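You will see two complexes here that share chain A, one where it goes with chain B and one where it goes with chain C.
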Partner chain A sequence: MNEFRFIGVDTARPDAPDKVSGRAQYIHDITLPGMLWGAIRFSDHAHARIRHIDTSEAEKLPGVEAVITAYNTPEVRIGFLRDNFALKRDKVRQFRDEIAAVAARDPETAREAAALIRVEYEPLPGVFSPEEALVEGAPLVHETDARGRARKDNIVPVRFAHHSGDLEAGKRASRHVVEGEYRVPLIQQSCMGTAGCIASFDARGNLTLVAKTQIPFLAQKDFNRALGALGLEGRNTRVVVPALGGGFGTGLDTHAYEYIAMLLAWRTGRPVKILYNREEEFAFLSPRQSASARIRQGCDENGRLTFREIEVVQDNGAYTSWGATFPSVMLVPATSLYRVQNVSFESKIVYTNNTYCQAMRGYGNPEITWPIESSIDELAELAGIDPFDMRLLNCNQPGETTPMGLKITTCGLKECLERTAASLDWKEKRGRQDAKRRGVGMAGVINVAGGGKIYRSDGSGIILKPDDYGNVNVSYGGVEMGQGLHSALALTVAEALGIRPENVIVNQTDTASCPWDVGTHASRGAFMACNAAVLAARKLKARLLEWAAEIYPQEVEEALARARRHSSFKEPDFDWRDAARRGQFELANGILTVTGAPELPELQVDFGRLLRAVHFRRQGPGTTFAEDAFYEPPTELPDWDKGIGNMSATYAFGAQGVEVEVDEETGEVKILRLVAVHDVGRVLNPQTLKGQIYGALAQGIGYAMYEQVLTDKGRVLNPGFTDYKLPTACEMGFPIDVQLVETNDPEGPFGAKGVGEPGLVPTAPAIANAIFDAIGVRIRDLPITPEKILLALRQRR
Partner chain B sequence: MKVPLRFLLNGREVALEVQPHARLLDALRDYAGLTGTKEGCGEGECGACTVLVDGRAVNSCLYPALEAEGCAVLTVEGLVSAQGGLSELQQAFVEEGGAQCGFCTPGMVMSAAALLSENAAPSDDEIREALVGNLCRCTGYTQIVASIRAAAQKAGKAQS
Partner chain C sequence: MAYDYHRSGSLAEAFALAARDDSALIAGGTDLLVALRKKKRAAPARLVSIRSLPELTAIEAGPGLLRIGACAPLTEILAQPVVRERLPALAQALAVIGSRQIRNVATLGGNLCNASPGADSAPPLLVYDATVELAGTGGRRELPLSEFFLGPGRTALRPGEIMTAVCVPLPVPSAQSVFQRRSRVAMDLATASLAVNYELQGGVLKSVRLAAGAVAPTPLRLRAAESWLEGRAVNEETLAKAVELARGEIKPIDDLRGSAWYRSELIGVFLSRAFRNRKEGDA
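Then we have the complex of A and B:
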């Protein structure tokens, strides 16, 4: 029995009608009067000194309005280490380095002009892997840091580490120890809508940026700083977010192309749009970081984990964005997926002359759950224990505090593992290795699910503003990028306030009208937005019910007076005046009434009528009103050196299992079925929640089996969907069983946890574990291609 | 140097002046002002630009605009009734969660429209086959397949 009216009920998304009819407006669809198009001239070398830039031919091309380089514009530094620049001076460090840019009347002219720019280089030797970059005397990607101090090596100055318990004692207590090195590739987020922006200035020097961003307010801060570089200190940036054609982490940082659009708009005094095409998206937007991890884990004679030791090395590329902070999230599973007391985690982020890397959904978690969950199976195999039993034995429990200091409030991991095993017929299927070469495998996941504190505030503000017609406008600073945030908000406001979801109107995200939010990442969108919405809705409802004491009797008396004109009318057999005097008001489904009242229209006041009566009040001054709230989760900013701190208000758990069939002749892996059981706290909208998980599974499958950005000496070799394989509807044609476990988290809105990311985290290790069960070979390097399987089979023989 | 182009766009005659090398996608978005059709890759791989030309689904990013001379072109905007109501197929995408970010959705809807015009009661495998040229990064396709299945079932019920 659902205790809620809207929460937990399949509801169509409010943004769906516009999306299915082609009305939703993405950055691609927006044109401003007088708008110019920008195009960027990227580097022809991975590492070189810039000797000379000749822009004269580009400037002569009819239709070109401006050509800019680092030599004719102020220096704009970007990135949290300030090691990147909007336009590069002196040196290029990667193929995608921006050397010059053009603003022209149309995109064709802009691109043609950019190609006419002549650049003379002095090529430098480059480093194209962490191994090369860490060699003594290797070429330096950056000779100095942002403050001009000489650098001695290619190690990025960020530190994420954790050492707890007694590692040596853990090793001594181990009966079995496994060790392995695991790798994950560079992959592209592959938003269907490519990146782009429109920058424009008003006559006072204020910037408006229509941006494909997930961090409107941190972007505002970045751009306000950049305005300072233009001599516009004190001027403001307004960030407006259009419909996003996917986000998946691409919008977590500000990008050089956005600053270039800003510079071109300032230079020309006209709006400037830059829009990447698919090839540029692949080659010039920051992908998900590649990484390698060496892991050692041990267990005692019963299978209880004794220690876990992990060293991660990541290829940062040439500049620093949020990819460099993946280890901050890796710490969560490294210390806290299953109960393990003695933990060591070290990470090294290395500059190379490859493309620099950024966030993607899961943000370090898939990268580290891949080795952890593969290694758990290796350990179980060595110890002669069923890997499902080993997971259950070491399962996290509600109420525990993990070595990282994570406070596990609710935890459905045990149920997720058990339901996964049941759905897969685990006990019958596992270990058969029959002639059909079928096998089953599983893996678990822990993920932040109540925000992820990485900034001084992890909070979210919200404003609820009723109108005169029974609608409530919601201004929220987070971003709808397809995940269903607006649906969750509409249901939450409707439920908490007592109106209908179709009367909740979520406004376009705009820094000028929405309260601050740190950004839509870390599975935090619905958790934060809905918690803030519940707080604001409570305040709004309390105020409305105060007015109800005056307004309800007036409205009911009038309605009754009208009704009495009809001879058939009978007086209600209910003392509504007494209930009203006692303040027993109820607002539900957009109707104000009093407790116990019979369902007579005369005793019901429509929400819109109530709002109009407040606005145009008969006695005393009327008013309009709105309520705001700011939700700050009860979390800690971790000490990253120590890797300790309860960074999220709650944690999501889950388990996935697969059955595979492997063709030993071709190396092809066929997925026969996939089960995903996730602890979601509480289901807000089953349809959108399942949609999130189905979509995450497809990304998990892509990561496990298909996707890899190939590079040669820093150049991207497969910048398009022809050679970069995304799963299609046919690859995803196997049966998928998604099950939701409701643990009703006390900190969650109606008990809900954040669920945006966990669905893609355990997919790859579950598949690798199933392949091992089927044919006895272990793949430690994603993606799991037929070639790797055949090679492993040959090596085994 | 622009050249004239006449075709039937969503049931109405249009006369445009386009660059000779313009793609049908450009004619629709830049010249006719219908931005519902999306460009996801520009090389016929993602299907976001799918429209129907004389009832056949094509990638409008590969289709020369001048090839559409005299043809009937149907875009996602053309599925909507004159009163602005969604078609059954679009409504099914709304009700079954077939759209998330929505960027691939117009192409998905048009590929589905082409399928259903030829096969009124497709199996799930046939639906997946029909979508093989349409990439989606958000949904994992499950609810898109469910949307098309629901639309077919509803149309089937209406006929019987």
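Then we have the complex of A and C:
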């Protein structure tokens, strides 16, 4: 039996009807009166000095209202290292560098004008891989840092490392050691809704930005700083978030195009919209970076892990955004996926003249789980142990503290692994290498699931405001981007307050009306929002029930008096006055009553009626209600140099398994069955939770087998879905068994953990491990294409 | 982008408009509109639509011959029992072109006239010895399909000429044909494809036809491999030699869909699989 009324029950998403009927307002749908369209002139070189910019032809084009460059606008620096500029003045460092921009009456004119801008360059030699960039004497992408100090190499000045235990002792204690180098490609987040914004100023110089962002409040901070650069210190930015067609990390930073829209809006005094089409999204937005990882791990004669050593090199591209901090998240699995002492982790982030990179769902975790979980299988193979048994032997346990200092509270990893094996019929199927070339593989995952502290506060505020009609408006600063956050909020508020989910109305995210939130990332949205919601709902409920002592008897007496006019009425055989005197009130399902009362309408006060009775009180001043709460999880900001700190309030675990069939003549891999078992703490809305996992699996399969942004000396070769391949419904035509393990986390709202990211983390290594089981070939370089498999088969012979 | 759009009321009118050098013919538009949007083709002043002319959409089965109007949508062609029963390689190829939505508007003539090296209808039509009817203000002519393709995007169509129909001789019932293809995902152009048509008589191969797609500037017949196989029994040695000859005839390139090496491997696999384990009378 479900102990809850709404939690755990399939509930339609509140945002779904508008989305499926085309009524939701995405950035694409929004037009403001007097609005102009912006277009950007991007670089024609990956690395060059800008000699001259001639905007005269663009300015002459009818319909053009403004043409801006770094020479006629104030300098706006962006990125957390301040190594990027909204408009480039002296040098371009990547093909997507913004050199000039135009505001015009329509998008066609704006694009045409941008194309008329003539730029003279002095091309410079570039570096297009970390290997090239790290060579002694390689061209420098940045000659100086943000403060103007000379730089000597192309290494980005961020450090994430971890050294615990005694690595050498671990190595000596090893019976078996494996080593391998693994690679992951550059990939695109591939949001259905492309990027865009509208910037507008009021007459006092305050900015409103309608932005496709996941971090409204950090963005507000960034834009306020930029207002300072315009000489508008003390003015404010209001960030309004429209319906988002997917975020997947693209909205975790502010972008040059947003500052350009702001500069154009300030210059023209009119709202300016910039919208990317699909090709621009591919060529000019920050993808997920490519990386390589060298991993060594060992085990003793029983298969117990003895040490783990990892060195990561990431291609940062030309500027620094949050992608450069992926190693902060890599530390979690590197130190804490399975029990391992003696861990060493080093990372190097390298500037190149490639496109600069950004966050994407999983944020370093898939990149590092790929080598770790492939290497576990390699180690098991070498040690002659079943990889499933090896995982069980080294499985994380509730109550343990890992080398990184992660405090594992609840942990369903063992159950996830066991259920995965059972669903795959593992013992029967593994290691057969039969004529059909079928194989099974699995991989596990650990992921932050109670926030991920990377900022001074990892908290979330919320405001609950009931109206006179029994609805509760929720103002929350995080972002619904398709993942189902509003559904989780509606269920949680309803459950915690005692009303119905359809009476919970979640407002549009707007920095002017919502309390602060650090951003919707790190699988933290529902965990934070719902924890804050529970706190606020409790306060609100306590206040409401205080009023019940006055309102309930008054409303019930009245209802009874009305009822007595009917001859058939029978007095209730229940002393409700006594229960009310004792304060035994209950609010559930939108109805106020007293404990033990029979289900008679006269003894029930509708939630809206209660609110109105308080507002329009018969005697004395009435009141309306609103309660807020701020939830700050009990976590630590890690010491990144040491790679130690309990950055999340809880951790999600999971395991995925796959059965494949490999065509040894063509190298094609057919997935026969996919199993995903995830420790989710508690299921809030089964429908949206499964949606998160199905979607993540498709992304995981894309990462594993299809996706790659191809570049040639920094230029994107496949900017669109014609040649950037996502799995289609046809590629997903196999049975998927999703199982949810409930560990009921003490810190989670109703026990729930964050679930946004884990679903795509172990997919690639599970597939690679299954391919190895089928044909004995190991691919260490994503995506696993038929061509790579065939080549590996040929090389083996 | 703005064009005049002219929906032809008659074939004569279409011929007249097509003859003007600022016109472009549009059938289903699934290649043309993409090319125009991506600026891979100079913008014409006028699009001349020919897809609703009944003369161009009819599909007629005569004795031993199927005449498919150039503007017949792929879905319509696939719905013909004669195609599924007598021309299985063509049915297999048409069924994987794009998606159902694409197949509902894409035409056979468009697929051929677009002259992509990977046009999926071409290899099966080549192995069935299809001919194409071309017509214009200057009259009508018929050409073997194998002489139609001149290069990527280039055909034997003369300025102003319209392809009116594709004529496919129906193979003898004992003939066997198959189309094989690989692409990265569904809804993707072929990385490589191969159509095969042959008869097995008294243990030896007869009337062997092989045609490959996406491995040369045009879809092409693999004549050296065909004549090697002609009159021989199917065994691993024969096939190995045929694969070697076929690989010598194709001219694959490296591109985003695959490397030349992989394409060449695929052609070998498709060829062997088309003949391996086939017995007399197998469908």
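We adopt the following convention: the second predicted complex is superposed on the first by the 797 of 797 C-alpha atoms of A that agree within 3 Å, B and C clash if a C-alpha of one lies under 4 Å from a C-alpha of the other, contacts with A are read in each partner's own complex, and residues count from 1 in each chain.
Note that in this section contacts are C-beta pairs under 8 Å (C-beta built on N, C-alpha and C of every residue); 3 or more make two chains touch, one makes a residue touch a chain.
Since we're looking at a predicted model, the values are computed, not measured.
Undergrad: Contact-wise, after the overlay, does A:481 reach chain B, chain C, both or neither (first, second, both, neither)?
TA: In the superposition, A:481 touches chain B alone.
Undergrad: By residue count, is chain A touched more by chain B or by chain C?
TA: B
Undergrad: Answer with first, second, both or neither: which of chain B and chain C does A:24 touch in the superposed model?
TA: Touch status of A:24: first partner only.
Undergrad: Looking at A:161, would you say it contacts chain B, chain C, both, or neither? Reply first, second, both or neither.
TA: neither
Undergrad: Using the touch definition from the top, say if A:730 reaches chain B (first), chain C (second), both or neither.
TA: Both: A:730 reaches chain B and chain C.
Undergrad: Classify the contacts of A:706 with the two partner chains as first (chain B alone), second (chain C alone), both, or neither.
TA: A:706 sits against chain C, while chain B stays out of touch.
Undergrad: Does chain B (first) or chain C (second) touch A:61, or do both, or does neither?
TA: neither
Undergrad: Check whether A:665 is in contact with chain B, with chain C, with both or with neither, and answer first, second, both or neither.
TA: It touches chain C, and chain B stays clear.
Undergrad: Identify the partner contact of A:559: answer first if only chain B is touched, second if only chain C is, both if each is, neither if none is.
TA: In the superposed model, A:559 contacts neither chain B nor chain C.
Undergrad: Tell me the contact category for A:717 with respect to chain B and chain C: first, second, both or neither.
TA: After superposition on chain A, A:717 lies in contact with chain C alone.
Undergrad: Residue by residue on chain A, keep only those touching chain B in one complex and chain C in the other, then list them.
TA: 726-730
Undergrad: Enumerate the contact residues on chain B facing chain A in the complex.
TA: Result: residues 29, 34-43, 45-46, 48, 75-77, 79-80, 86, 90-91, 93-106, 109, 124-125, 127-129, 131-132, 134-145 of chain B touch chain A.
Undergrad: Within the complex, which stretch of chain C touches chain A?
TA: So the residues of chain C in touch with chain A come to 182, 184-188, 256-259, 262, 265-266, 269, 273.
Undergrad: Where on chain A does chain B make contact in their complex?
TA: 12-13, 15-26, 28-29, 189-194, 243-248, 277-278, 481-484, 687-688, 690-691, 694-699, 720-722, 726-730, 732-733, 736
Undergrad: Given the complex with chain C, which residues does chain A contribute to the contact?
TA: 665-666, 668, 706, 710, 717-718, 723, 725-731, 785-787, 790
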